[in-house]
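Naming follows writing order (A, B, C, D, E and F), and every chain is counted from residue 1.
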Amino acid sequence: MRNTRALRIISALGGVVAVLAIVPSTAFAQDVPTTQDYLNNIWVFIAGCLVFFMQAGFALVEAGLTRAKNVVNIFAKNMADAIVGITAWFACGYAFAFGGDGKWIGDSAFFLADQDMATIPSGGLSVATTFFFQGVFAATAVTIASGAMAERTKFSAYLIFSLVMCAIIYPVVVHWTWGGGFIAQDINFGDALSYSDFAGSGIVHMTGGIAALMGALFLGPRIGKYDENGKPRAIPGHNIPFAVVGVFILWFGWFGFNPGSELLADEFVSTVAVNTLLAAVAGGLFCAITIWLVAGKPDLAMIGNGVLAGLVSITAGCGTVDPFPAFVIGGIGGVVVVFAVFFFDKIKIDDPVGAVSVHGVCGAWGVLSIGLFAKYDDAFLGREDAGLFYGGGVDQLLTQLVMVLIIAAWVTVTTGALFFILKSTIGLRVSAEEEIEGLDLLEHGLQGYAPDTVHA
Amino acid sequence: MRNTRALRIISALGGVVAVLAIVPSTAFAQDVPTTQDYLNNIWVFIAGCLVFFMQAGFALVEAGLTRAKNVVNIFAKNMADAIVGITAWFACGYAFAFGGDGKWIGDSAFFLADQDMATIPSGGLSVATTFFFQGVFAATAVTIASGAMAERTKFSAYLIFSLVMCAIIYPVVVHWTWGGGFIAQDINFGDALSYSDFAGSGIVHMTGGIAALMGALFLGPRIGKYDENGKPRAIPGHNIPFAVVGVFILWFGWFGFNPGSELLADEFVSTVAVNTLLAAVAGGLFCAITIWLVAGKPDLAMIGNGVLAGLVSITAGCGTVDPFPAFVIGGIGGVVVVFAVFFFDKIKIDDPVGAVSVHGVCGAWGVLSIGLFAKYDDAFLGREDAGLFYGGGVDQLLTQLVMVLIIAAWVTVTTGALFFILKSTIGLRVSAEEEIEGLDLLEHGLQGYAPDTVHA
Amino acid sequence: MRNTRALRIISALGGVVAVLAIVPSTAFAQDVPTTQDYLNNIWVFIAGCLVFFMQAGFALVEAGLTRAKNVVNIFAKNMADAIVGITAWFACGYAFAFGGDGKWIGDSAFFLADQDMATIPSGGLSVATTFFFQGVFAATAVTIASGAMAERTKFSAYLIFSLVMCAIIYPVVVHWTWGGGFIAQDINFGDALSYSDFAGSGIVHMTGGIAALMGALFLGPRIGKYDENGKPRAIPGHNIPFAVVGVFILWFGWFGFNPGSELLADEFVSTVAVNTLLAAVAGGLFCAITIWLVAGKPDLAMIGNGVLAGLVSITAGCGTVDPFPAFVIGGIGGVVVVFAVFFFDKIKIDDPVGAVSVHGVCGAWGVLSIGLFAKYDDAFLGREDAGLFYGGGVDQLLTQLVMVLIIAAWVTVTTGALFFILKSTIGLRVSAEEEIEGLDLLEHGLQGYAPDTVHA
Amino acid sequence: MKLITAVVKPFKLDDVKDALKTAGITGMTVTEVRGFGRQGGHTETYRGAEYKIDFVPKVAIDVVVDDEAVDTVVDVITAAASTGKIGDGKVWVTEVNRLVRIRTGEEGADAV
Amino acid sequence: MKLITAVVKPFKLDDVKDALKTAGITGMTVTEVRGFGRQGGHTETYRGAEYKIDFVPKVAIDVVVDDEAVDTVVDVITAAASTGKIGDGKVWVTEVNRLVRIRTGEEGADAV
Amino acid sequence: MKLITAVVKPFKLDDVKDALKTAGITGMTVTEVRGFGRQGGHTETYRGAEYKIDFVPKVAIDVVVDDEAVDTVVDVITAAASTGKIGDGKVWVTEVNRLVRIRTGEEGADAV
């Protein structure tokens, strides 16, 4: 419902009338975009660039938290997510997500064929802008899983997963929600007018996180992750600087991810940004306190997860909450992520980088948090004070919960089926020998850090 | 005086009248922001994102110029500056800096309580935009010190320093100046109408640099930095690529730092950017020449400092000088930084990354340079040709000097007291054994570069 | 012809009339820039920042694909390209490129003397904006060569090359084309109205690529690159993560490089961005397939080149083609680059990072591709359907070809002469002993990765 | 006394170490090395050009022991490091004339 | 001739080297190693999971010397490397049958 | 059997390895080391402060061979590693009492 949404927001600023007032020319030449239209599209495009850059952040975090012998494989998978993911998005992903207003799936604009790319609808975004912004989102969604599947997945199998994820699994989630499909149309209980997921805590992050969970589940833990008594053993990452720089890059990119999801250049871009900033620091802060108390040391590898947890948690609610609640939502995410990591370690889901905890668990929390803290109309909610703590009752919370369950069900089933098929055909996991030697040499024939050779 | 400032600039473009002319709608609907208002806020927000990204640059420069055994600690401190710093800014820093027009300190908007975040005053910035942009500045100011205190500071002590710095010490400096406090009101001699520090050579960098100086002073040099005869010994950084990439990231971020400080989207954004670019290359160029002549080799670790020196030097004057003077100001910074590094090495102030020289010394030089080269009204000066070399006499120079002294005094006293208290209570420095073993294992329980483990 | 171009585009949107209509104020106050003017300049400046950041990308790619013993030298050269390059651009490069409308070379604005930096011509860019955007382009053009000349070039000789390149060789190419010189005026055959090179496949990348080729040629291969039978031997890069992160940064920067070359904030910014994105993924995809088939492994070091090949290939045509052709153009680039790398390896041109293949070969392909696929008027072509496949006949293709030949001839001759002089005077290459020991210690007196020293 | 040097596959280090511990060995010194042998390396292609990596990563373990302990220790190492595959490595024994513990100056058996 | 191998704490390398220089030793070869011994390692937690690092970083110094020089050299090293704390390391001496200087082909004492 | 240890210049490793291969040597173990000797290091300045690097990078090659093979192998190494410049390195030979191939348990000559 992004379109209506954009319109709603505009009227919220004084109505289309005011907009016309601002730019008389449009009054007699509807087809001439206004400077505001250009600003909207330029801003959302710039935001998309920041989101694209998150690919580098994901690659660095995942590489930093895994072993040197698999570093080429990590970067190859992230590069593949961008390459295969965007190609799939171009071929059919965009069409399934935004091609027409079918209830279940889109059916036009494959390969962007015959699309009017350039024209900017008044107050809206051109096809080009939407394709770009949503495309880099898709690349992000799929990349999330690569971390959880690190250090043991067959490269060819991963490529197929990446392809299917961007071609159909994620686009369907988008169509049902942002694309105006059945969740947008039918999922609203009682006073709730609509689900809300401003920038995709659920649509993007939980989707990626659940795919990550299924991947880790079907793969099984890395050799040596558990000792003979089944006690989890640490397998320290080989480059903490990479991991932290990656977190900073992701954080930087998130200022495109959330504020850009306003899909307009208006005053709410900055409020969304402030909420995003505060949730991130709260996530890092409370994660640090928690791990310091629990493990006795301020484990930087965990604190990085905490910052990301804060960011994921506020991604849904950043458009509807006040700064302090944003800080609280992020802080809760930062605490939750620590225990989630412990939990999955305990139940033998080996997730080397904590992707399931950060994106899956905190993604769900983010969607639900709207049911508690929603105060302003983020143009999804369609009403003020929708949150339980603001007198909005439980209807919104219920709506959010059902949305989470629907997305979770869809992603669990589809990725589960996919991984099952892969496992029982070409195989999902490399040989034990290859895993021990490292994936770089045998899968890619390339060392991450080759010693200097001199053939004198 | 940022507000008046913004207004001044607008009138400089033809006056508020023109602004209204541009957007008739505002004439009858003052409460409807114009596209120009949106552009202003979006631009300043984007600039803030670039400034935020400087956190990664600082971390990389500091890590690159120090030893591998302390790399986790370096990144932990930089991450903490962002987390603790922004939290403190949210709690009270912003309030002290911009909360009301008290002469000495602000007293409202703690935790942004009851602030109208979104509304954009005509021609100005919303609270959200200001909070975000000024908040990432605060995080920068505190991070500066971490480099000078590297490889020997207790993590817990550093956290407290970081907290106090962003909670009170830096905010007070901001309140006195950009916040409209007593320096803005009372410090102007003779023909000088006001101090000027466009983007914070003094307010941000010198403040950070002096804190860095006091930190290094109270800590004392690293074990082994001086031989038995007190001759300084080099302790080479462990990763020059990190250091140089860090410089590039900082340079990139500076294009948000300086041009963003225009606080408007107008034609001066680009002129500020050009001055920033030219000062940076001049800083690098003349630093390279100097070190090549003095040390016989183009020491890249020093040249990186030179670029940063050029950037810091022009941060105050970028809004008032012509391109060539900008080049000169940066070039002088590049020469000064070399000898400053030698000087502090000589007097046994052990600053592993040169933070005191780059930010402290060149920050002061930047503020003073306005007294010499100021030509245009940067909306602080309130007049043309304020610089000595442009017939403005010595009044502006004197004003700038007094401003430097006031800030220096405040920061010296407060950070000095803080470090003294820390030293005589929880202690400022790790044990000799820990320093030799490296801070990573004992403070953080984490190796920066763990060897690949295989539990077969 | 950028100026007329900008105007052409505006009229394409409904004409200057509409523009005035948008902003009545300008009707009576031509000297008051409109919000659209500000937006144009802010956007192009932001795009310039992204282009500037590409310096870090180039440094990382080159460092990652070469040996650890030369890593300081690689970063020193890239830093020098920024420092020396921009300084030269400031001194005379900008003047030669854009100083007046001489047919052969510009002759005013040296050191930006007496330029009105700030004023924004209606619908255009201020001098400051143009200087900044074009300046970072210049720094890019020269950096391209450093990779091909890696691991054996004397630092002093490289500095002179870098200087001359940015001072005269590249600026002349720009003047002949974007500067409105003789290629812009006279090179158009039959129905073709003008050459077209939207963002510089030829003007920037091929220019850099040919300089790279001449450099590698005059230097000769690295010691040990060829065995006694002349068979090329691999000299693996020391840090694949650096190389891939570098590719992501370059890709990110390219969203400033191409969309920013619109030199306006209009609806075509996003269409250019989509074409850029699609060409990049196609380049990576088809490069991966090719190398996988040929070498049996998905060689990540090559796939990175493929992405860059796609980006270079679309840099000329991104303003005139539809999405699918953009995908095709990039994909062809991705295949071409593989065989180009093999070819140069075979004929004993030792290009450690593939710069000649990526920028030189694919740069030429990009320019030519317009003659085949051009559909829309990119404001260079001045007509629709100029491409052979769109019924435009061969005239445009011929025009493009001649343009390629002219630029190639100029760069070959001038850089050839320059390298010849350097070789026969101060010498172009380090001693064999130094090459074997590594350039870092002897040229720079600095180790890239110094072991932790402890002077107890 | 004797110095026993074992060159083994890296991922066997933990097993060997644990086996030695259980065998009552209180100390050892480990070095990352590269090995050349029957196992051979493998040929890679990098950006299209081939290159042969002759060396494979190995770990060298040095243990100084009393003469009587030598045989057991060698057996322990051999057992723990063996996978039965080419490249398992070697163990060799050399004579040590003297051993000193730096901290105490103790010599010989007491220094182990 | 004899080969003296000393395993010492990394930060003691400079001291040992200087001491050996003063003692007239003109050459040595140094290797980064990891040691296992009484000193023990330490237990870390990484993202909540524990792991024990058994090995601590050490430096091995190899010096080939004439027989008569052995005792002084061992004493010099022991003195320079000692901190009195557990983990100071070991020194051991093995027999060298032959020493050649590659550059000149000189053998034995002349080759040192 | 004997253990031959050669410390050579890093860029000579390939030559030595190839020479040994041609001489019929089927295995060796290589270690990155740092050498101190006549060659001396060099003085750097880093950010204006001087520092002396005493150690230069070297590579140590360990080869266990039958007694009769020793002299040829030493000669082969010396020939292949020599540049005639200071710093070419050393070769030394020590006695090996026992050699075991982990995979098979073979001993002595069969284990090489």
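Here is the rule we use: contacts are C-beta pairs under 8 Å (C-beta built on N, C-alpha and C of every residue); 3 or more make two chains touch, one makes a residue touch a chain.
On a predicted model such as this, the values are computed, not experimentally measured, just so you know.
Any chain that touches chain A and also touches chain C is listed here: B, D, E, F. The distance from the centre of chain A to the centre of chain D, each centre being the mean of the chain's C-alpha atoms, comes to 47 Å.
Between chain A and chain E the centroid-to-centroid distance comes to 53 Å (mean Cα coordinates, whole Å).
The residues of chain B that reach two or more other chains are 23-24, 34-35, 39, 46, 233, 235-237, 239, 295-297, 299, 301, 436, 445-446, 453-456, listed in rising order. In chain E, the residues that reach two or more other chains under the touch definition are 11, 31-32, 44-46, 51, 94-95. Shown here, the protein chains touch in all possible pairs.
Taken together, the chain E residues at the contact with chain A in this complex read 44-51. Considering their complex, residues 1, 3, 17, 26-32, 64, 94-103, 105, 111 of chain F touch chain D. Those residues of chain C that touch chain B in the complex are listed here as 23-25, 28-29, 31-35, 38-39, 41-42, 45-46, 48-49, 52-53, 55-56, 59-60, 63, 71-72, 75-76, 78-80, 82-84, 86-87, 90, 111-113, 115, 117-120, 126, 128-129, 131-132, 135, 155, 239, 242, 443-456.
Interface residues of chain A facing chain D in the complex, by the touch rule stated above, are 436, 441, 445-446, 453. By the touch rule above, chain B contacts chain D in their complex via residues 454-456.
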